[in-house]
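Same chain, two partners: chain A is paired with chain B first, then with chain C.
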Partner chain A sequence: MNAMVEGFGALLSLEMLVCVLAGAAIGMLVGAFPGVTATMAVALASAFTLTMDPLPGLAVLLTILIGAQFGDRVPAILINTPGTPASIATTFDGYSLAKQGKAGIALTASAFASAIGGFVGIAVLMVAAIPLSTVAMQFGSPEMFALVIFGLTMMIEVSGKQLVKGLIAGLFGLALGTIGRDPMDGSDRFTFGIPQLVEGVPFIAVIIGLFGIAEVFSQMLSKRHASQKPITNFGRWWPDKREARQMVKPVAVGSGVGTVVGVLPAVGGDIGGIVAWNQAKRLSKEPEKFGKGSIEGLTAADSSSNAGVGGSVLTTLALGVPGDSVMAVMLGSMIIWGIQPGPGLFSNQPDLVYSIAGIMFFATVLTLGLSLLRMRGVAKLLELPNRFLWTVILTFCVVGTYAVNSSVFDVGVMLGFGVLGLLLRRYGFPAGPIVLGLILGPLAERNFRRSMELGGLESIYTSPIAMGLLLLGVAAVVLPRVRARMKARRQRPEDSDTPTDPPVPAGASR
Partner chain B sequence: MLRLAAVALAGTLVMTGCANRGGSDSGDAENFPAKDFTLVVHAGAGGGSDLTARTLAKELEADLGRSIVVENRTGGGGRVGLTYLKDRPADGYSIGFIPVEVSMLGHQGADIKPEQYTILGQVMNAPATLSVPTNSPYQTLDELLAAAKQNPGTITVSNSGAGAIWEAATLALGEAAGATFKPVPYDGGAPAVAAGVSGEVQAVMAGVSESASAAGNNQLRVLAVLAPERVTSLPEVPTATEQGVDVVIGGWGLMGAPAGLPDSVKERLAAAVQKAASSESFKDVMTRAGNTPLATSPDEATQFAQSEFERFGEIYR
Partner chain C sequence: MATVHPPIQGDSGAASRWREAAPGAICLVLGAVLLWLARSIELPTRVMAVSPRIWPEALAFGIMGLSVLQIVLAFVRTPEADDDEDEGPVVRSGIVRVVGFVVATVAFGFLWYFVHFLVSGLVFVAALTWIAGGRGLKDLVLFPAGVTVVIYVLFGLLLRVPL
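Coming up: the complex of A and B.
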């Protein structure tokens, strides 16, 4: 208790307030800028914060991360382009909601869900860090492989009714994931002598192309059908009682899933958001709405990727092992400041842990406030005539993608995938499974092949966690089909559901 | 507000991109430096190489009186950045951080050799360390080597990735000791150390900076440092040489420029690099990050890179 008072007390200074404000402003801007990720912003900022004292320095870095995870929702909802990978799943429902004239509610709901998710993550960090971190250590290569396979079953849900096309898209994503250096023997695979491909297809460029650029291209081409603006009106800003009640369950699911995924080493908010979206869909009473503008889907995804921040900070502090790529950068700074993350930190410097939790709490409250305040300003952006709006979006995407690696090659990849994304949606292929395949494929391969090196197949089937996850994966594929068949036998179905297709907004394909 | 700020951000990005395009290209040694510098780093912002380069850049700026724009050209395990630096004009305004990969990639199918660069000096060493989980039965390097000799290829040693320096270090240690390990590549240095902490592998080959913090937490036991002498962050850990295995290997960093730099420019830059690398603030950051700061002459550093190039040729033979 004393440590808690001391830890929070250390934050009560003007310097800390300035640091958090600066971090929040930088973070929200960076987040809203497609291509510029939180990892990059934190890495660049860490060059400046190294000369500061640890606490104010951490305040800047942590707040940038949290601010970015609010800011990135805005382009995801309004222009179908994830601001950072953490908001990939936000686009699934957020953009559809905006298209239906509910952008106001989508932005508000997303901000609150993100904040609540963040609070849950912070609470878990303060209460259950040590026990949870031992769970994280149980996840070796075989367990990670099983988890990723379980994750791959999501392709089915994300494909909705267009199962075959979704699986084709998913296989394409998996194939893309094989490009690059062989993870075990180091030889080049399918790189055609292009050095930029040795570390794999540039992931950020692919998602910006498939989601954002494809959307802009699609709107440009369909201009003659109707002067179709991305969003014509924002609708109400505040959700009504019914909608607020609808959010309770998905936010709870999202926060839980997000914290757990965040705790696992080296897995970030992008995967957390997608997993939570999928779990919320499975548990929802209205799964058919997911991907077509479901508030439930939106809030599940957003609460999850922000709960993940608490989770990955937990792993980083309690184990000294980075919870994701942003935390890897922060861990570097902490070591130079002389902070030694690891099991000892919680017993030797509990006040520091509380200070960190306090910074995160304060940063979340502040960014939530800022998000709600500046929403109407964001609205102005979309009142631009199309020709300006498209130019602005394209410029942002090009500059952002170039900035990642200072690489024109990446910009080319982005535009190429923009064209591909356009073709895919014209022919009714969902883009979500491609991204899933590209994220999860390499993870599955690496962990499988590492397991084979370490102990062969035995290391997988003798691990209870791995087998449990694999069985869950099988159940996730089989059960809904069995249930659907039983239901069909009992009654002739009258539901002629249109295909669920998350990344393609309703009405965009014709 | 968002729009304004976003435009400002876009503007800043464009400006930093263009900042060093201006100025005349006259290689006038008298007026050197007449414009701002670009410092190419092969790795992403936030990593060890980036930290070294940026800390050094701050000191260099003070000495040279010009701005230094750090450009991260990542990809291909260093190939992209090193190729980019090699092809820049040799006028002294394009300098770069040159990592150990300059001596390795040539043996892994890339057209990269130390002689393609004008080397200005070595600024740091990141020695390799061999560690085991705290509950491992092996207490000393000898015991671990004995086990590896008894059952060749069964002792698993994690490293940061296929083709990376720590994998080569595992091979080099095995070669020097006459033992065979089983290197297991992970997706970065931190996951490799985590695999050792959780006991998934029997040993970890990693840089001092990574293993020292795990050792401080009592999560790993460091058996040997593969450096010429003991390092400050692990003062009680003996070197491999002390334990009878003659192997010194690890990551390192040089400062350099494209080959063919005019002599006067080279001298000016080398002096600046040496001064920056000897500064207290640079040494302080390097030591705290677990690396060994150095400030060698261009000739020493050139010879060192060449001998390392030949050595990796042997390892990858």
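Coming up: the complex of A and C.
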């Protein structure tokens, strides 16, 4: 009880209020602009939050993520383009509703469903975080090594259909993680006499380069344009009683599915939304309306992708295994603040769970309020010329990266990785595995070599927890593929559950 | 959600195979460089259970193995439509813009050493806007001035970053 009081008490300050307000505003805007992803925004924001205390900094980053999860519904509903991949399933029914003159109802229903899903995810985080951490506290080096390997299997999920390329990218990320001090004897390794590399590659610069700069460069290179004109007729804003009743079951289904999916590493809100949409369709009395403007489909998808945030934060903080790219970025910031996510975090600082849950709760309430404001202005904002958007993003990337260490070297690294990120995109290499490798690499190497020092390979294969985690990693890779193959065999192509693929911001991760 | 691309025939198919194989070849070379670097790590005087070279060596072998696989797959597998379909086709003006942004950023780095951020930043933002297609007083003066002041207030004054 004390931890809860202390955790929530730490949030009662003007500074925290300002941070949550700023994060919510930035997040909503980020989500509303297709092409500006939550990962990119959190990466950029992490550069200038590093000078802040950990809790206010976390408040900004978490609120941006939650704000983006609300804001991305707006373009999904109004221009049939998901602001971030988490709102892919929103387009299935959201745009159809908008075309029927029900954009107002769609936006309101989506906001409430997202908020309820978010609250469910937060509740799960509060209940499960400390017990999960306590179990993980029993982990020694062999178990930690197995846990990190389990986390690294998500590279395969992040890679999508480009499996070999994703694995190569991941191994390069792990290789980048070897630059700096040797984890065992502290000697310099691969630094080439450059003092800035002794502490390792500046990963905030790498992340901003790969996600921020590369995205801007990619948009410039191909001059992508939105194919749809925004909806301007919003119609009625509040659902009537019948429509409100219709939302109850899909929101319950979506929240449940989203929470479970969110806890799994590497499964983001996009997948959660689609799975929940399919489940709600199966359980609906009017499945034929799904994909043609069903409020049930819309609310199931949105509640699910937001419920997933709580689960994803739980996995990242309690186990130290980032759930996806945006969580990897957040994990990087926390390490710089001196907070080491992993088994010891919540056991040593139980109040932090409640502080984080409190931040997420306030952020959800605030962004719900912002979402309910009439959004005619947002349709205008979506028409902001690219020349302004690109310039602002690049300038903030440059100054933000410099701000981390007041280092021009870091800006050079960022620019280099921006160009590299652009080349990777053009040749179909996903950037996510590089970040995962860079962050988890040193942890994997340290625990592997410690295990070897302690008792050789035997220390790993005689540990039931380590072997269990390794088998779980294998199962996480193999089972979905076996199931997908079996399903593909059973199902004819015309039996597709989801509507035609909607446009997705290329290379975006959340 | 994956889009099924039709196989590509003829010359474009061959070009696509080489386009897929080229990054594999580059990665193979980089993997070999990593292996060479790993083998040049000095061994500690005290005896350790595993060599400090083992981790980077394992990564290098992994990269080289997967690179070979990538090259083989490029020639064995039916090529799919270009990734440009997702990213959009490259336009000449886009290349000019990207190069312009990179050059402007490097130039800004030099200018910043000699001139205060409020001036160098203004020039930098104006240059970026011009490269991105901005023209006229609003685009090249008012907008850059606004952005520079916002950044200076946020980073320089509020966050106390030495700009």
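The rule we apply is simple: the second predicted complex is superposed on the first by the 270 of 510 C-alpha atoms of A that agree within 3 Å, B and C clash if a C-alpha of one lies under 4 Å from a C-alpha of the other, contacts with A are read in each partner's own complex, and residues count from 1 in each chain.
In this text, a residue touches a chain if its C-beta (ideal position, glycine included) is under 8 Å from a C-beta of that chain, and two chains touch if they have at least 3 such contacts.
Quantities reported herein were computed from a predicted structural model and do not represent experimental measurements.
Chemist: Answer with first, second, both or neither: which of chain B and chain C does A:Ala175 touch in the superposed model?
Modeler: A:Ala175: touches chain C, not chain B.
Chemist: Touching A:Leu167 in the superposition: chain B (first), chain C (second), both, neither?
Modeler: The answer is second: A:Leu167 touches chain C but not chain B.
Chemist: Let me test your reading of the model: by the given contact rule, A:Met184 touches which partner, first (chain B), second (chain C), both or neither?
Modeler: Touch partners of A:Met184: chain B and chain C.
Chemist: Look at A:Glu458 in the shared chain and tell me whether it touches chain B only, chain C only, both, or neither; answer first, second, both or neither.
Modeler: neither
Chemist: Just to be sure I read the superposition right, which of the two partners does A:Asp53 touch: chain B = first, chain C = second, or both, or neither?
Modeler: In the superposed model, A:Asp53 contacts neither chain B nor chain C.
Chemist: So, A:Val399: does it touch chain B (first), chain C (second), both, or neither?
Modeler: both
Chemist: Quick check on my understanding: which residues of chain A belong to both its chain B contact set and its chain C contact set?
Modeler: 182, 184-185, 395-396, 399, 403, 406, 453
Chemist: Given the complex with chain A, which residues does chain C contribute to the contact?
Modeler: Where chain C meets chain A, its residues are 1-3, 19, 22-23, 27, 30, 34, 37, 41-42, 44, 48-50, 52, 54-56, 59-60, 62-63, 66-67, 69-70, 73, 83-84, 86-91, 93-95, 97-98, 101-102, 105-106, 108-109, 112, 121, 124-125, 128-129, 132-134, 139, 143, 147, 151, 154-155, 159-163.
Chemist: Considering the complex alone, what residue numbers of chain B touch chain A?
Modeler: 1-3, 5-6, 9-10, 13-14, 17, 44-48, 50-51, 54, 71-77, 79-80, 83, 108-110, 156, 161-163, 167, 182, 184-188, 190-191, 193-195, 197-198, 200-201, 209, 213-214, 216-219, 285, 288-290
Chemist: Write out the stretch or stretches of chain A touching chain B in their complex.
Modeler: Against chain B, chain A makes touches at 29-30, 32-33, 39-40, 42-44, 46-47, 50, 74, 137-138, 140-141, 181-186, 188, 195-196, 198-199, 265-266, 319-322, 328-329, 331-332, 335-336, 338, 340-344, 374, 377-378, 380-381, 395-396, 399, 403, 405-407, 446, 450, 453-454.
Chemist: In the complex, go through chain A and note every residue touching chain C.
Modeler: On the chain A side, the touching residues are 48, 51-52, 88, 160-161, 164-165, 167-168, 171-172, 174-175, 178, 182, 184-185, 187, 189-190, 216-218, 220-224, 274, 386-388, 390-392, 394-396, 398-400, 402-403, 406, 408, 411-412, 415, 419, 422, 425-429, 445, 448-449, 452-453, 456, 498, 501, 506-507.
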